[in-house]
Structure formats: structure tokens, C-alpha cells
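Here come two complexes built around chain A, the first alongside chain B, the second alongside chain C.
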Partner chain A sequence: MADLAGAPRPSSSVKLVLLGEAAVGKSSLVLRFVNNDFQENKEPTIGAAFLTQKCNLPTRTIKFEIWDTAGQERFASLAPMYYRNAQAALVVYDLTKPTSLVKAKHWVAELQRQASPGIVIALVGNKLDLTNDSGDGEGTDANDSGDARKVSTEEAKTYAEEESLLFFETSAKTGYNVTEVFTAIANAIPETSLKTARGAGASAAAASRAEEQRVNLNGPRDPNAKEGCAC
Partner chain B sequence: MDEIAPEYDVIVLGTGLTECILSGVLSVKGKKVLHIDRNDHYGADAASVNLEVLFKKYGNYAKGTEPWKQYGRLNDWNIDLVPKFLMSSGELTNILVSTDVTRYLEFKQVAGSYVQQGSGPRATVAKVPSDAGEALRSPLMGIFEKRRMKGFIEWVGSFNVKDTATHKGLDINTCTMKEVYDKFGLETTTKDFIGHAMALYPNDAYIDLKGGAVEAIDRIRLYGNSVARYGKSPYIYPLYGLGELPQGFARLSAIYGGTYMLNTTVDELVYEDGKAVGIKATMTGVDPEMTFETKAKMILGDPSYFPGKVRVVGHVLRAICVLKHPLASTNDADSCQLIIPQSQVGRKNDIYIACVSSAHNVCPKGYWIAIVSTIAETAANHHLELAPGLERLGRIEEQFMGSPIPLYEPLEDGTRDKIFISKSYDASSHFESTTDDVRDIYRRLAGEELVVEGLREGIQVADE
Partner chain C sequence: MAPQENNVTDIDPPPPPLPPRRKQSGEVSLASLQVAPAQSRPTTALSSIDIATLSFPDGSRGTFPTTAMRAVSSPVPSASGCATPNQAGLSSASDELTDSMSVMSFAQTLRPPGDLASLVAGEMNRKSRAWNLLRSQSTTVQPFECFDAGAPDDLAGFEYEFDNIPDATAEGANDEQRLSLWKSKMKHYMILSSAGKPIYSRHGDLSLVNSYMGIIQTIISFYEGASNPLLGFTAGNARFVIATEGPLYFVAISRLGESDAQLRGQLEALYMQILSTLTLPTLKNIFVHRPSTDLRKPLEGTESLLSSLADSFSKGSPSALLGALECLKLRKSQRNSINNTFLKMRCDKLLYGLIVAGGKLVSVIRPRKHSLHPSDLQLIFNMLFESGGIRAGGGENWVPLCLPAFNNRGYLYMYVSFFAGNPDSTSAASPAQKERSSSDSLEEQDEVAVVLISPDKESFYDLKEMRDKLAHQLGKNGSLAIVKAAANEGRPRIGAIAPDAQISHFLYKSRANVQFCMSSLEPAFSGLEKMVVRRRLMSLYHQLHASMHIKHSHLKVLHCINEGAASLAWITPVFEFYCIASPNVSREVMTQGANKIIQWAKREEERLFIIGGGVF
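Right after this comes the complex of A and B.
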């Protein structure tokens, strides 16, 4: 793309949250997407519940700020602050566990009620490697003992279409379809809801006027570098 | 559902701000924390709620009607139950920055800090002067008093407790603030706004306190430094309301391994030899209900979880009001604090008005939320006690005022029974007393001072 040479693609940050029942593979999907890694019987990673990953599209770069649940979903105690202002959500269920789809539907309803109106939601059925159609045709341990699938593609897909959700079946274990989910979300984020990353791009000026009164607490303690009162 | 561990280092009861900060700090320090709340939401008494919840909490509507429906989208309302602002150079700001909880929250300035002089229709409401220049322009003082005030502010700025040359010949460590005021020849009305709207003392007890001058000067400097930081007022406020603060610290705790359970009632505190060693509890809202028992080396929580272990030290009167206009004489501020010093209206305790609006995403456009509060001084007629504050609001669309809210304090310090109880959120207009309580509880339970600077360094996992 010669016309883009030298002109860096506009880059925007997008807050993406993960929702779904515990143990469906939310953290594993992020680990696969961000580090292309997978850990069997993964312990929750301490201190890491905020990751970033870029997604390069032909005309722009989306920088996902990925918020993991930090385990607060385990006893149904996720804080609303967590999904406030999210521009994208990955609602994950486990293909081998029907109750996890019920839970996923609750989350979709909650997002439609509480989240920003333009939010892009992807419904993701994870652990495809445990089913007979594991995507890459590769057999797995589970296949030896038969197909563990308990939620049909048909059922989930119909629901996703009714609610206008993106829909994917993935395996965080093999990596099947994982990047595709994030790319599809990046493509679906409406141009208008994109905040240009701080300092980049001219359209940021208008946005920053509205942000005028926002304060950056991490900035220097006292701008006047004065001790005592501002006299 | 996951299993609850048989034992934790600490069980925390209630998800108010004090509890969530402590939970976060303890988790970061490697303690295994179980954090419980009986409610279905975070925040306990420090929550922000929508109008429907507020109407239902106060019950001030006719059965069968739904008055909240005339006020736009419910989700646009985040009304604080306890009104407070953060001092931008205060301790809570410091804790937020040191723990990186700022990452989850956004703050905006509060547009103005005002004080009332006089009472009734002849009262003056004016910006609190925070530097020498503002002092000279202020309508609060006559021409000669302005000069004296300018001299005082400049002196506070250059004051150094370790340098006697800056002490104006006073024995600063033993003298009273009255002696300091007298040194500058300040008038009573000026002392009033300095002590109440800058040093933020709720009453006049500080004036004659022997050795109290240094603290008063420190408080005035905190005010000045906080104004200097962002310019408009010393206060900042989180978008979507104060309820975001406990949620932010709860997330910090969870990230460092803390376990969260809302909707969970404590059925029994379990003791051995007079020491708390665990709890029996039930989590509802799940099918079937989950009853469990777990142990802990210590238990901390808010007063509501320990009815026999706290005493009432006072009552707060509070009226939450919905307006369709900004406060008069505040330059149409989208947010402000207005302090009515006690002596101006013949009281012993100040009246505070905290006002926020859609600028901070706490209500739809076109609305303002003003919360009027004070410490109760009488046994009845509470609306009369708040009247000087309510008078400042003009037309009120909705008013929520319940019975006086008791302020609780623990009877013991917790070292004997391993139960560490926080204080109720007091009537003060900012969070400095809350962070004092956090430090005090931490000292009691950990046997050391809490140092938040650098808390997450070295254990933080990289972003990218």
C-alpha cells in the first residue's frame, strides 16, 4: 500500500472486557491472543488483569486495552465499573457446558442494559478442541473418549444473530479462530466511536476540549513546583 | 462454583471505601483475603445509586407510583449516599496513584469552592480565596483586612516548622491558632472562612487548642497546594460518582488474589478464647444458597457487621436534593462545594453543600445533585438544622432526607479480639479522615505504619 507509506496509520485505543462464567477460558483466550501461549490448568496470574495488544487493520490500528475479570466473576461479584465505557466485549461460554451459555446470555442482557450503546459484543464458544469438529482436523484427547460438545453451533449462532452479536467458536488451546475474533471486533468498531490515541491525529483536538477538565493524577504533584500556598 | 478456601489471612466485611483500600493493600502485600458484602453491590455506605434505588431506600413516594421514571434513563444517575470530594494533593489521591488504581478511574476538577458570609437573604456567597491575588479581589473582606489576609497567606506559604525564623516570634509548637490569627490582626469573619473553608475544621474547637497551630497551618497549606495543582478548586471528583472508588480498590485486591463475594450474609462470627477465628456465612442469589464456614487470622469490617462492638458518637443530618439549576452565586458552576461556617448561622457545626452534575456523569444533562449535611445538634427539628443549607438551593425537584444517620466508632482497637472495625464516614467534606482511619486500622492490625509509596513496584507485571 504505497499511498500509506510514511504516513502512520491512525491508532485508537479500545477498551475490551471479558465476561462469562468462571473457567470457560477467558484468560486463556487473552493469553493466546497476546502471547500466543496456552497453559493447562492455569492458575490466575497475579497482578496481570490489564493487557494491551495491537490489531493492525488496512486503514487503522486498534490498540485493545483488555480488561480481564481478575476472578471477580467466580462468586458473581463483578463490579459494574469493570464494564463501564467498554467499547467491546467478549462474552465467552464453554462448548462442553450448557449452563455457561445461559450465563453468557445473562451477560449479554446486562451489557445491553448497562453498557455504552455502541458496544460491539462477540459471543465466543470456547474449547472447540474438545469436540469432534476441532477446526484444524487434529484429534485431541477428548476426541478419543468421544465428542464432548454440549452446545450446538446452530443454537448459539441463531441466538447471536437475534441479538446482533458477532459469533465464533474457538480453542484457546490450539489457537483456532482466536485472532479472528479480535480482528472481527476491531473491524466492527464504528469509526465514530473511536477516540484517537492521545497526541496522535488532528481530530483529537475536539475530543480534548471536552476532556479539558479531566485531570491526570499521575502528573507532576505541583505544577508551579512551589512549596506551601500558591502565593 | 469455586470452592471457598478453608482459611484466609484476613476476612473483610463490607465493601465501603475504607474496607476496599485495606483489602487492596493487604492483597498487594501478599495476604490471602476474603472480602464479603451482604448487599448485591459494591460500596456499602459509600455506594452511588440510581434514583429508583434512592426512592426505595427513603420510601418517599406513593405506593404503586414510579416517580423515578420522569427523570430520564436510570443508568444515567449515580447519586452518592455519602457526599465527599478528594483533595487533589490529599492522602487518598496519593494512595490512588501509588496503587495505580487511577488506571481504572477518571477524575475531573470540582469547579469551585465557595463560602457563605452572613445568613438569610443578606448572605454573601463568594469563592474561597486561595492565594494572595484572590485575597485582594475577594468580596469577603474590606480593604485593610485584604492586606492582612494577603500577609497571612504569604506567611503560611513560607512557613517552615523547623525554621524558627519563620515563626513570627511565636512558640509555634505550643501556641494556639488564636495567637497566630491575632498576630496578623485578622477579623472574626476572616478567621471563620480560613478555619472552616480552608483548614476545613467542622467547628471552632481548633482555635483554642494548645499546640494546635501547626496542624491548622498544615491544613491551610494542603488546601493551597490542592488548589495550585489543577487551578479551579482544591477538589477533584471521579466520573460516575464516589461509588467507583471502592470498586477500583476491590479490583486491585482481586488482581492480587483477593476473593470477592457479594450477596453474602454473615450468620456468625466464630471465636476461640475470646479471639475471632472465622465466620459462618450464607451466599444468597445463587441456586441453591451456599452456606459455608471459613477461618481467618483476623477480621476487619464496617460497624454494621459488629453491632455489639461499636458505639454511636454522633449523628449526621443529610438531605440529597435533585435540582434543575446550578447553585446561586457560583458562576453557574457544574460542581462546587459551599461551606456555611457554623457561626454565620448560629450553629456549633458547619453546614456543607456538595454539588455535582452531568459534567461528572452522575445525572442526565440539565440536572444538578446537591447534598446538604451537618452534624445533628438537636434531638428533633432536623429539617430546621439543615434549613440554612436548603435555602441556598432554590427550587428543589426531589428531596431525600431520612432520620439522623448514626456515626459509629469501635469500642476496642482489635488487638484483643482480632476484630478491626472502621469508623462511619463522618460529616467532613473530604476523605482525609477516611484515609486517617485506613492508616490507623492498618497500624493496629499489622503493627507497622502503612507505606503506600512504591507499593506495587517490583511485583507489577508488565503491560505489553
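Right after this comes the complex of A and C.
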């Protein structure tokens, strides 16, 4: 699939790591972003998963190299391997579970201490569909016993601003805000920290194919958009 | 510290998977049986031969009651420690076990038989013409068909065995219903700490089973002080088997009829999975410092692996039963070419390399001084093919794990990548298809995975590069297509091996290679709706295997008929062979078929099994 990589736009690789407590939905966010899919009873990640996915911006193509970690206590000592040299991090919590925000703050602190200085960090509160304000109104439990939200938007947002993090509330289940997170990260990576992966100069055919894979910000993408993924 | 270590080293280390091939000259023969010592119960065995001939074409057979026998596992007389509340009930169960076996052929000392057929067939098998005529109409009866016709069924409800018990918060589920669902399960596995803290239960959340764990802990610790620890007991038609591993108790509760030794093997595998997550020193440390620790937190994420192991045992795993691995059948030259490519692409960081297709081993490369242990491979295969955790990710995985049989003190790092199985399918691994309840996962996987194991936790990118080069090379030289085609083809069909053999299914284990092959489960034993009949098949294999492996029995050949099926087992120093046929297939016909299959396995040995593998 390397032959698809040579879009005319400059293309650069970005190493991105997902951190956060187990079961907050890290793998589900990645699955939504890479395959536009969701699984209700996802089995826990074992170790860490490495995936790639392209994100086409108007002026350049970002090829995300994503490390989805399992987030288990016993592998905490391995985490540095995943965030070392990472240009971006997604720190995820479950907005129905306050302890997961505490854990997320720990990760943010560790990243600020140990990771590359320029790292772009996004704080993501996931499972928005379980709350009353589930973004696009698709929340499944919205008319049930009501709101499962335990972490207010205000609280998380204030914290994110203090620490200069990007902040999103998402639902991997409905897809709400998921691509937006990755696009915002792609946009926030400073031009200077981008190493151009491959020179421009591919055939027109490849270019038009690359065009089709453009990330559509307005809705679910064609499931076949997996194309750009080099896994 | 010392005694705990002993516990682990005491376990018989499984033999290495790919030792040098034992030289076995000549044809398959039973000559070796002559030296076997005489068996202790020959009279009973021989007298039951005549009983066996009283069968009828419709599969009915009133002579020996067999239903009770399967309800409770036959407790193998073990050296010590069987605390058995109802001794009487048990001994009658084992009497029935003996009765139901129509032929037990032990060491034949009078006449050196040329093959299996001549060993078990003879004068006493000769029937009248009328009988033969009757018999000739009967071969269309399938194994286990009697259960469709309403024979008493001890697997009733097995199709719901793997359905989840709703948790307490689910609407319309009161505790009473949840408990009765829980009790309806035929197989339970529980893990608790010796302090009585629940760690794992296959069925029901811990709040539901907490009190039962407490009872079990009380019973176990009651015997603890005595020099005679509790190993197992029977209650009603359930067999309880207990294994103590350091600070942990493992309990299997089964109404599926496995032997104690088989259940113990299953518990051992669960323990190996826990060690694989934690390593032995970590496990010991945790409990040395705080005996009341809740191990669930440190084990986080392991539960799904334990459950997929447990479920593969409950469904019936030939691999676990035989303690052997299954390989993908390939031409010798093709396998050599793959091994050589694999070796050529090897990077310095590599310890072990595996190529696996649909749960079957395709190629192994390893350092000369290390071999891979079947129990370690069982954990890896479970992780890759039975649990969804890795395939569901859809990418490449980097997994720290301890391979306890290799070294239980530290982690290795495993790189895993699946080649997309079917180029047409949109989501490579289609993990959605993998439901916990699916019974045919073994049969349907044609995905090819590359597994690269290194002691270096920083070696991900090196191994990834190696995999990319390997994938490129295997694609270029056509090997990948060959592997995929072989995996798609599935297991060999008996029709293709021995067209007129009236055998429905077989298992063949090559003892020297610690590998096995089996015939296709399709169509009779595969698919979701066939889960029960598949379990019947596996239960029968478990019974055969248990009978053949009773300590000091020196049983070599066993032919057995019950209302469901006829079965045959044969063990030599070279192989273990088990097969199943319609209950009306005569012993002669069955042994002839078995001979043909064994000759086929002999002929195809270098295609069926990995002999040696790639060594560096």
C-alpha cells in the first residue's frame, strides 16, 4: 500500500499514542477513526496495538501511526516506549466514570514531564451517548433513567484549558466528534515538527485515489476508506 | 519461597514440541504390544465382547446402561486425596464404565498380530448371515443419531452453556433466576486466593458466586491441615476437581464427564495463563506482602483470555485433550521453502518465529538450544484465535507476555500481525463474527498470522521490519497463496483418505512430534447448531482418552460401543489414534478403516507434521 502514499500534497508521519484507564473506549475511538466501526462488547486490548490511518488536510496529508495501549496497571512501565518521540497523545476518560478522569490527569502530568516537549495532547471525554446531551441526539439511553454523566463538561474543559490541552467530548458509539479529534490534532501539530515522509511526485491515478480517501468531516465515511491504512 | 517454587517445577514439563524425530522402522505394527505386561481385568473385558454384538440396526441397544456413566466423570483412582462422599455411587458408575466397553484388547501374547484388524477381529467377531444382512442396512445411522430420536440426553441445554448470565442491573433479572441460570451451566471454573478472595468465575459475576466461593474455600481449607489435601469430590452428578498452585485455588466443576486428570490439565492451563500475565515472582510477591490482595486488578484484561481457554475446554479441544498441536498440511518442499525464507529474513532480536494459519502451525523457527513448549503455544494460540482481543484490533500488536514453560520469571515481547484473510472483506479480521458462543471458530479461520517473539521490549520496529520483508518475500515466491489455499481447504476428509472407511471422525497424534491431525468436522460436527453433537464427539474422545490413560492400565486397544456411537482407540509408542463411527459399524469394518487412516498418516507424516522446523 506504500504506492498510495505518494499524494501530491506533502505527506508526513505523526506518531500518536492513546492513553487512559482500561475500558474508557480508546480502542473504540481508534476503530471508529480507522474502520468507521463500533463493537458493543469489545474485548480488552492485549498489550498494545499499532495502527496507521491517513488524515488529509487541505495542505498536507498526515499519516497517523497510532499506538493504542491497553492501559493496564502492570504495563505502566512500558508506557514510555509508546509515548517516546510521540508528536501527539490522546488522553481518554469515560465521562460516566470520575476515577477515569483522575487517571487521565496522571497521564497528562506524566506526558508533560517525560514526553517530547512539543507534544500535542488532546483530552477526550468518551461515551457521550450515555448522557442527555449526546451531541447529535442519538444517545441511546437518553430517554432511559436519564443521565449517566458523572464528569461535567465544565470541570474537564477548565482543566484542559489550564494545561493547554485540546478538549473534546466524543462518542465512539455514534461517531460523534471522533474524526474531529484527529483532525484537530493534525492541524495542531506545528509545521516545523513534521518530517516530510515521502516527496511529492506520484502519478495522477494515485492522486485521485488519495482524493477519495479524504477524511469527510461531516459524517461517517465509506467503510472502504480503510484503503489508506498501511496495516 | 522454596515450597511454592516446587509446586511449579513439580508439574511435569510438557515435552518440547519439535524434538528430533524418533526413528521407527517398518510398517505400522502391533508387534510392540507383545512385551506389554498383562492387564489386570482381562476377564471382564473379554466377556463383554459378546454383549456388544447385541445391537440392532436402528441403533437401539438395551444391554448396557450408559447414560449414568457420562453424567459424572469417572474418577481415576489416584494415589491419594480423593475425598469422596458417596463411594458407593462412584463405584457403580465405574462399573458401568467397564460394562459399556464392548472390547478391551490388551496385550496379545499368543499371536503376534499383523495389524489392528487382526488384533481385535477374530472368531468371536464372526456373525451369522442374517446378522450381516441386517447389519448391511444399518450403516446409514450417524453417530449420536439416537439422541435426535429422543434417547435420554445428558447434554440437554448445552447449546445455552455459553450464554451470558445477565448482571444484577439488567431489567427483569432477579437473583433467583440468575442463580438458576448459573446452576444450569454444565461446567464451571473458579479461581480464588487461598485467603478466600474470589478472582475469577467463568459464569456469573462475582457478587452472584461469592458465597459459593466461600463454601469452596471452607471445604478446601478444612482438608488443608491434613497431609492429605482435597483433590476432588462428587456431588450429585457434578465432579469437583481442585488444584492448589501456590497462593491460588483452582476449581473445576463439571457435568461433562471428563476425568480428574483431564480437568486437572484444564486448571493447569488456566494457571499458566495467570503466570503468563503476571510471571511467577510477581504472583508470589503480591501474596507474600498482602495475602488478602484482590488479584483481579493486577490481572486486569486477563479475564477474557481465561474465559476463551475455559470455553475451548468446555466445547472440547482436541489440542488440549491430546496435549499436542495441529499443523497445517503442506508439501514438504513448500514447508521447507517457507522455513528457509523465514530464516533468511530473521533479525537479530528474534527468539522464536511462528507462522500460523487458522489456528494451525505453518512454520516455526527457533534457536537450536530452545524449543517451544506446547503449553506455551496453547496460550499464544488461545490469545490469537480464540479470544478476540488481538484480531479485533485490526492492526499489529505488541504484547508483553510470560511463556511460563519457557521461563516463568520474566516477560518476552510478542509481535503479532494478521495478513488480511480475505482480500474482499472490508474489515480485515471481521471480529464481529467472533461470538463467544460460536462453536466452529476452529474450522472457519483461514487468517494467517506472523508471530515474532523477542526478549527485547524495544524491538517492535525491528520485528515489524522483519515481518514486512517476510510478508513481501512470501507473497513474491507464492508461499502465502499456498498457505492460504491450504488453510481454506480445511482439514482432510475421511472420504478422501479412505473412501470406504465407515468412520465418521478421527484424531491421530504423533507422539514423537507432539502434534496431531484430525479429520474435518464438517458437515456433521461443525456449525453453531452442531455444537451439542460436537460436544458429544469430544466427550466420547475424552472418555476414550481417559480409559487409555488410566495409570498402570497399559491398555493398548479399546473398542467401545454405546447407543450413540462406536469408538476405537489404539496407542502405540509412535501414535495415539482415536476414531468414532456409527454404532452399527462392526468392529471388523471399523478396524479396517482405522488401519487405512493410520497408513495414510504414516505416508503423509512429513506433510501433516512439522518435523524439526527451522533452527538457527
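What we mean here is this: the second predicted complex is superposed on the first by the 172 of 231 C-alpha atoms of A that agree within 3 Å, B and C clash if a C-alpha of one lies under 4 Å from a C-alpha of the other, contacts with A are read in each partner's own complex, and residues count from 1 in each chain.
Operating definition for what follows: contacts are C-beta pairs under 8 Å (C-beta built on N, C-alpha and C of every residue); 3 or more make two chains touch, one makes a residue touch a chain.
Note that the coordinates shown come from a computational prediction; the quantities given were computed from them, not determined experimentally.
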item: Partner chain in contact with A:Q39 - chain B first, chain C second, else both or neither; value: second
item: Partner chain in contact with A:T192 - chain B first, chain C second, else both or neither; value: neither
item: Touched partner set for A:L51, first chain B, second chain C, both or neither; value: both
item: Partner chain(s) touched by A:S27 [first = chain B, second = chain C, both, neither]; value: second
item: Which superposed partner A:S164 touches (first chain B, second chain C, both, neither); value: neither
item: Partner with the higher number of touched chain A residues, chain C or chain B; value: B
item: Partner chain in contact with A:Q114 - chain B first, chain C second, else both or neither; value: first
item: First, second, both or neither for A:P80, with chain B first and chain C second; value: first
item: Common ground on chain A, meaning residues reached by chain C in one complex and by chain B in the other; value: 22, 44-52, 70, 72, 74-75, 81, 223-224, 226, 231
item: Chain A contact footprint on chain B (complex, rising order); value: 1-2, 41-42, 75, 88-89, 93, 96-97, 102-109, 111, 130-132, 153-154, 156-159, 220-221, 224-225, 227-230, 232, 236, 240, 244, 247-248, 250-251, 254-257, 259-264, 283, 285-286, 359, 456, 459-461, 463-464
item: For the chain C and chain A complex, residues of the former touching the latter; value: 277-278, 282, 297-298, 300-301, 304-305, 383, 387-390, 392-401, 414, 417, 426-428, 431-432, 457-458, 460, 464
item: Interfacial residue positions of chain A with respect to chain C in the complex; value: 22, 27, 31, 34-35, 37, 39, 42-52, 66, 68, 70, 72-75, 78, 81, 223-224, 226, 231
item: For the chain A and chain B complex, residues of the former touching the latter; value: 22, 44-53, 69-72, 74-77, 79-82, 84, 113-114, 213-215, 217-218, 221-224, 226-231
